[in-house]
């Protein structure tokens, strides 16, 4: 029994780590080398099928889908990473301050937080985009802001739990200042919870970016993004199904890798 | 009852905050509606006259009050680009998005509850493991990609529906609902996979609690322990999740509408965003906000019904 | 001497949820007569709760192995059909647990839980069940039984919940009540009340009680006979008074030594 359970846990970790590793590797390679220029059009190869020359075929402009997937994964990955960074950074600061100090400011901020949290993040991002205009940086900022409340809520909860623990009291007795207690003593203890929140957040960000780019209000041409590619491919779905399937599968693998990794780490 | 009342007040306050925020945000960026409506080549006198007529010279809060009052009475302003009353445009499309979301929600419940119970009862078995893997993959699906694949498989290969053959609910309600089935499935699948996983782990952790042993000590069969004791407790986290999922799905249906060519709120919202047709954007966003808040309130109330401990807090 | 109710012989309990099977109860023997109160004492981890759960038929059958015999009125609980076992549980054998806070279902009303055994084992009507449940709640000395019937567990204190647990376990007037550390989680004053209640139940309903505790002072006030367990073995057994006067084992002596002096006199 125990043996089986252990083996299953490791499967998640190995599979998730492997998947994420391979995707990261391809993204890294894609920075320095793509088989073709992702934006180079070649009318002769329009809708070319899967072959040795074009591993994933070509799109409606005769662009190499594999090269574009490499570039698009990079964009998607960077947008997701940026989003999670903004969300975590501000979420941690807000959550730490409100959780540690409490009081009226905490009450007000948390009400606001609840209101924002109840809102689907993609809708918040849409509102932001309709005000700021679209583009990859706007998407990062829009999604990042939309992600702050969920991180703030998690961090706040952890801080409330930790702030009365003995090691904190001890640190206070030894004369540590509030900021030192917050970020040197308490924060490291919230890392496990934060890490799994980051993993989930990253996946949500990938899916949200893809969704927004799919709607045409995310990353703008000529930047390739997986969501955009899917939107373009949808018009030619029946003529060139492979064009739609490959970017979609890459999104799935990206998200799957992280969620398996998260599950695996949680069970370790 | 006091609990429901408290939730209601919280909801109204949130609604006030959200609408005020949306109004101010658009008020700041949208520039001068008078200019937008008349075009940049209009004479300053005409613009000034229209500004007076629209009440744009009043303080912001007065304008907000007027807008909110209009909203409540169904007068949501006039679309810049279509020159149509926004209220009509939105109310016409609202049933589409709402039906789509409700259908997806029903699908989630139908799929996830039996599967969650099955996987929990047979935890560790090969079916459970297979479902775990399939769920993991489905959870990674962007809903719109699920939509694309469904179009490809069920629309193109099995020809179970005609992609793009949307039937308006005014023409035939049955046709409308049956066309919405596959889009609803596309929205439901990833959420259903999460719900299965959640219900499974919730059932398993509940089954380890002391009251379950008590239930067995009274001579309950395993089946009765599950359905009469554990299930209700295990559903509590699922209700929270479904509430959040529902809010998410309302927004997610905007995307799926694009995949399946359904003229719902998503379509007018997107065209309004690209045309900078702010009255429409505001109306749609506020409508969705109201829906989301209503869902949240309903969840809170159901929560109070299922979990007697909630009311005291 | 009255009739024999329970005879446990050579009970061994072995766990298989780790790589190496682990035995937690060795060669456990116990006989109980009808209407008798027997104490089972030992430190935590001595195997007393495991033995009790086995007698109540509550050890899940998958990852553990049980050898020996548990004869309840001649029926072997270890080998009988599950259905036959279930017919005894809650009906002839009632059980109460250590944690009254978590042993009741949080989302079900108290009354529903108290009358559950009646619902399973009898064909009484709804009204009859209600009346029996309310009578039982007042028998365990709860005030306002009609109101408590409609309350939820979280609205009651720990002591009240343990009374509710006793009411639920006693509602079918079982021949055997297994009380697994029923007072450990409670305040000292409430502990004494619960022990008194168990004594009264035993007198009035002729229910035999297997009282499990690590608190020897409580056992002395309640039980005629006592078994002392250590490391999965019964190290000593006999009449309570004799064991207290003249403990045969070092371990028993140490357990007795752990009782505060003031209480030992009583």
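Letters A, B and C mark the chains as written, and numbering starts fresh at 1 in each.
The definition used in the following text is that contacts are C-beta pairs under 8 Å (C-beta built on N, C-alpha and C of every residue); 3 or more make two chains touch, one makes a residue touch a chain.
Bear in mind that the values here come from a model prediction, so they are computed numbers and not experimental data.
Taking contact as defined at the start, I'd like the list of chains shared as neighbours by chain A and chain C.
The common neighbours are B.
Could you pull out the chain whose C-alpha mean position is farthest off from that of chain A?
Using the mean of the C-alpha atoms as each chain's centre, the farthest one from chain A is C.
Which whole number of Å gives the spacing of the CA centres of chain B and chain C?
51
What whole-Å value do you get for the distance between chain A and chain B if each is reduced to the mean of its CA atoms?
22
Quick check on the complex: what are the chain A residues that touch chain B?
4-5, 8, 111-112, 114-115, 118-120, 122-123, 126-127, 129-131, 203, 207, 210-211, 214-217, 227, 230, 233-234, 237-238, 241, 244-245, 248, 251-256, 259-260, 263
With touch defined as at the start, can you tell me which chain B residues reach chain A in the complex?
Residue list for chain B touching chain A: 13-14, 17-18, 22, 25-26, 29, 124, 129, 136-137, 139-145, 148-149, 151-152, 156, 247-248, 250-252, 254-255, 258-259, 269-270, 272-274, 276, 278, 281, 285, 288-289, 292-293, 296.
Where on chain C does chain B make contact in their complex?
Against chain B, chain C makes touches at 56, 58, 86-91, 93-95, 97, 99, 102-108, 116-117, 120-121, 152, 154-155, 165, 168-169.
Taking the touch rule as given, give the residues of chain B at its contact with chain C in the complex, in rising order.
Against chain C, the touching part of chain B is residues 209-211, 213-221, 224, 229, 232-233, 236, 306-309, 312.
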